[in-house]
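Before anything else, here is the set of structures, which you'll find just below.
The two complexes that follow have chain A in common; it is paired with chain B in the first and with chain C in the second.
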Partner chain A sequence: MSLELIDITKRVGAETYIHPTSLVLPEGSFNVLLGTTLSGKTTLMQLMAGIQSPSSGTIRFRGQDVTRFPVQRRNVSMVYQQFINYPNFTVYDNIASPLKVAGMSAAEIDRRVGAAAELLRLQPMLKRRPSELSGGQQQRTAIARAIVKDSDLILMDEPLANLDYKLREELRDELPKLFAGRNAIVVYATTEPSEALLFGGNTATLHEGRVTQFGPTSATYRAPRDLTTAQVFSDPPINIADVEKHGNKLKVFGDESWPAGRAAENLPDGRYIFGIRPHYVTPLPVKAKTGEIEGRVLVTELSGSESVIHLSVAGKTWVSQSHGIHPFEVGSQARLHVEVNRGLFFLPSGELVS
Partner chain B sequence: MNKTVNNRAWWLVLPVFAMVAFNALIPLITVVNYSVQETFGNNEFFWSGTTWFKQLLHDDQFIDSLQRQIIFTATVLVIQIPLGLVIALCMPRSGPWVSVCLVLMSLPLLVPWNVVGSMWNIMALPDIGLLGKGLNALGIPFNYTRQPVSAWFTVILMDVWHWTSLVVLLCYAGLVSIPDAYYQAARVDGAGPWAVFRYIQLPKLKHVLTIAILLRFMDSFMIYTEVIVLTGGGPGSTTKFLSIDLVQKALGGFDLGPAAAMSIVYFLIILLLSWLFYTLMMRSEAK
Partner chain C sequence: MKKRYLVPIVYIIFLMLPIYWLLNMSFKTTNEILGGFTAFPREFTLDSYRTILTDPTWYMAYVHSLIYVCINTVLSVSVALPAAYAFSRYRFLGDKHLFFWLLSNRMAPPAVFVLPFVQLYSSVGLFDTHLAVALAHTLFNIPLAVWILEGFMSGVPKELDETAYVDGYSFPAFFIKIFLPTISAGIGVAAFFCFMFSWVEMLLAKNLTSVAAKPIVAAMTKTASASGYELGLLAAAGVLTLIPGAIVIYFVRNYIAKGFALGRV
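Presenting the complex of A and B:
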């Protein structure tokens, strides 16, 4: 009882949009597609919906082969980054539109629209037109239209990207509640790792048309299978350094020497790529086994409660994200602490080893 | 720092003010001035009050050309707006043919108005013109210098050829600005091509169409050059539109007063109809 993508690909002309991809999305699951722009999120969604058909491979839904079914026969709904509603319909008629197409009775339509409007707090606006609504309300209307018809598959393509900060947070909190207790498979595309972490569920990380990893969100975050996944699933970007392990010491950036720590303890000596997320690099001394880096301060971003410091270390940019306000002068030299124990070790080929 | 407070900034507005005054206000006021006076040349003017306006309202020639004008403009709008919309809908949205289509569509708009008149004049000649000779060869009697029907047909055809492109370009610009996601959303909903047109494209084109109708209304109501070159208002005065009537009065008869009164009435008609149309469109929007 699920949506299965089996070895699907999508090529247009000489360009490959989706490399062979297999995914199984269980019924009632919330799945995040995480990747930068042009990583293939939208194409993958359109393949799932049947708006485009794959160049090769099979798509099964509840065991049935639906690869060649057009979107009309798939019972899916979509929400887009732009707020897509019928411009001259009222909010009520907009939400009711898929039900009318399905030929439902007026009483049933009324009941369902009422329920969807209540969930999305749209009752006071039912008689208005989309142009008279705020961006947040327009997107709520689009979401109501997506959930009203009990679709098997609900696809959301960066639905919050065009909303301002406040509305985004609000809707972000509400979204998972909307889908709780439904059988629909929800797929949510985003460029922001923080959104994936917030929603939980499963996350598929995408990079240049490949799904690099798919699994429960927290597991994918904590143990990325390879460097690419770690890079996709880290914002600010994960810090990278080439390290050389000798016994219980790590040689980093030529002259720094770090304790190998728990993570690298059992690795054979040799060259590795060390990756560490910015919040484990801090200006404050930490108790655990730490290394240090020194570099020139490029940028400091101070928000109310945290500091983000960009540092140029031996030609690479490192980012530190820490609680509290730590003013550093741009251009000055700074020494930061690295919680080596929290780091990830990859082989030069990119595979995670520890 | 101290801010200097004075009224010197007004000088900056002066050039624009002077320009508007010279090209709009002063000529308009001159015309108003003429419309209430009588002259016999020699720069002598006599006050005549509203005589010319009263006369105009009972002037059969004016009423006739106004009627012709209204029929012409209505016909042209009824043909050009739907035709332009249909052509725009048929044009490709992407690929190499886009620029070919756009260039083809822009061509008629680049032709000078009197050249358009001459082109159609030659084209419609019954003995050598493609259109005139062709129609006669098909057994349809066609002579635009003799038969009013032929003359009207040619004038309307010419205007459709000349100006439909404008509607096409405006509609096309409106169509390409509709995000792709709308079409996709419609497909997900299972909407057919008619529903897509009726519920997505048409509503999204509303403003563009308003502008297109307004522009075509004003322009066709003021048509002069092409018709003067093509038929000269004939045969008889069957294609004598308002502007032709006006020019004949003002220059031919040197009836400055009546011509000025007519200009003002003419101007007010266009202003009033445009304003009415625009307000009605915008009011239905607000609802």
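Presenting the complex of A and C:
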């Protein structure tokens, strides 16, 4: 009882948009597609919806092969980053449109539109046209239209990206409530790792048209299967260094020597790629086994209670994210602590080993 | 008066002068027009207008013009709508070249086509019909309408189409119920341009008709008639010819600049 993508691909001309991809999205689940722009999120959603058909592979829904079903037969809803509403319809008619097409009775339409409008706080605007609404209200209208029918699949393509910060927070809180108690499969595309973490559910990380990992969000975050996944699922970007393990020492950046730490304890000696998220690199002394890096400060971003410091270390850019205000001067040398125990070790080929 | 008003006032006087002169002539007798320079009609007369509105050979010329202009506008816009949709939504082999080639039709001098059109329409029995002129004018009006509509359609995100399909609309239902109303301003502008260009075109209209579908542009440019020069009459016909344009331009006044930019602003 789920949506299954089996080895689907999408090629347009000589370009491959989606490499062979298999995913199983269970019914009633919340799934995040996480990836940068052009990673294939939108294409993958269009394939799921049936707006585009895959070049090869099969799509099954509840066991039935729906690969060649046009979108009209799929019972899906979609919300886009741009606020897409029918400009010549009122808000009421916009929300009611999928129900009208389905031939529902006027009384039932009225009841459902009323309920959806209430959930999204749109009742006072029902008689207006989308162009008379604020951006946030326009997107609420689009979301109301997506939830008003009992879709099997609700696709949201970066629905909050064009909203300002406050509205985004507000809607982000409301979204999971809208889907609670529904049997629909929700797919939510975003470029922001923090959004994926907030929503929980499952996360599929996408990179250049490939799903690099799919699983429960927190597990994917804590144990990315490979370097690419770790890079996609880290903001600010994860710090990377080539290391060489000798016994209980790590040789890094040529001349630095770090304790190998817990993570690398059981690894055989050899070359690895060491990755560590920015909040484990800090100017504050750390008790646990730490390494140190020294480099030239490129940028210092200070927000209320947090400092983000970009450092140039042996030609690589490292980012540190830490509590407190650490006003390093741009251009000066800085020495930062690295919680080696928290690091991830990848083989040179990219696979996670520890 | 402030100096900065001087330039626009002079400019407007220059613009309005020919129109004023036409209006001035239309209220004069032909004798007065030929008699010498008079800035105002000395013997004010409405005879010219009376003749045009009562003589069928005159007023029917307006009717003929209106008929073929309307046929042409409907034809051009309805053919251009699906074409413009295809150009705006799909990529296909040679689409850009075809699109440009369309516009190059707009630049072709109608004089070139007079001979083949007259011969062709005569041989299929269309000569001196409204349809003949309406069809001939699609030569330059369809390309124009395609360009204008394509511009307006490309301003509509393709996600709107997808949303409609997701909601369950079939393509025809989406196109008629949602897409056309969305680009109604564009349709209005395209129709206006088709109307105007068909209304003002003379060469093809004149040559493809003789009596049964004789348009006003042909009637009012024949300088001599059985009763000699009738300049007052011709001037009155000219004034009346300006009116439909003035009426339709009123409806699209807010979109006219976008139309001249082929919908791409």
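One rule holds in what follows: the second predicted complex is superposed on the first by the 354 of 354 C-alpha atoms of A that agree within 3 Å, B and C clash if a C-alpha of one lies under 4 Å from a C-alpha of the other, contacts with A are read in each partner's own complex, and residues count from 1 in each chain.
We take it that a residue touches a chain if its C-beta (ideal position, glycine included) is under 8 Å from a C-beta of that chain, and two chains touch if they have at least 3 such contacts.
Values in this document were obtained by computation on a predicted structure and should not be read as measured data.
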Side-by-side fit of chain B and chain C on chain A, or clash: clash
First, second, both or neither for A:172, with chain B first and chain C second: neither
Contacts of A:140 with chain B and chain C, given as first, second, both or neither: neither
Touched partner set for A:84, first chain B, second chain C, both or neither: both
Which of chain B and chain C A:76 touches, first, second, both or neither: both
Which of chain B and chain C A:51 touches, first, second, both or neither: both
Touched partner set for A:97, first chain B, second chain C, both or neither: both
Chain C-contacting residues of chain A that also contact chain B: 46, 49, 51, 71-72, 76-78, 80, 82, 84, 86-89, 97-98, 101
In the complex with chain B, residue positions of chain A that touch it: 46, 49, 51, 71-72, 76-78, 80-82, 84, 86-89, 97-98, 101
Residues on chain C engaged by chain A in the complex (per definition of touch): 157, 159-160, 162-170, 173, 178, 181-182, 184
Contact set on chain A toward chain C in their complex: 46, 49, 51, 70-72, 76-78, 80, 82, 84, 86-89, 97-98, 101-102, 142, 145
Parts of chain B lying in touch with chain A, wherever the complex brings them together: 179, 181-182, 184-185, 187-191, 199-200, 203-204
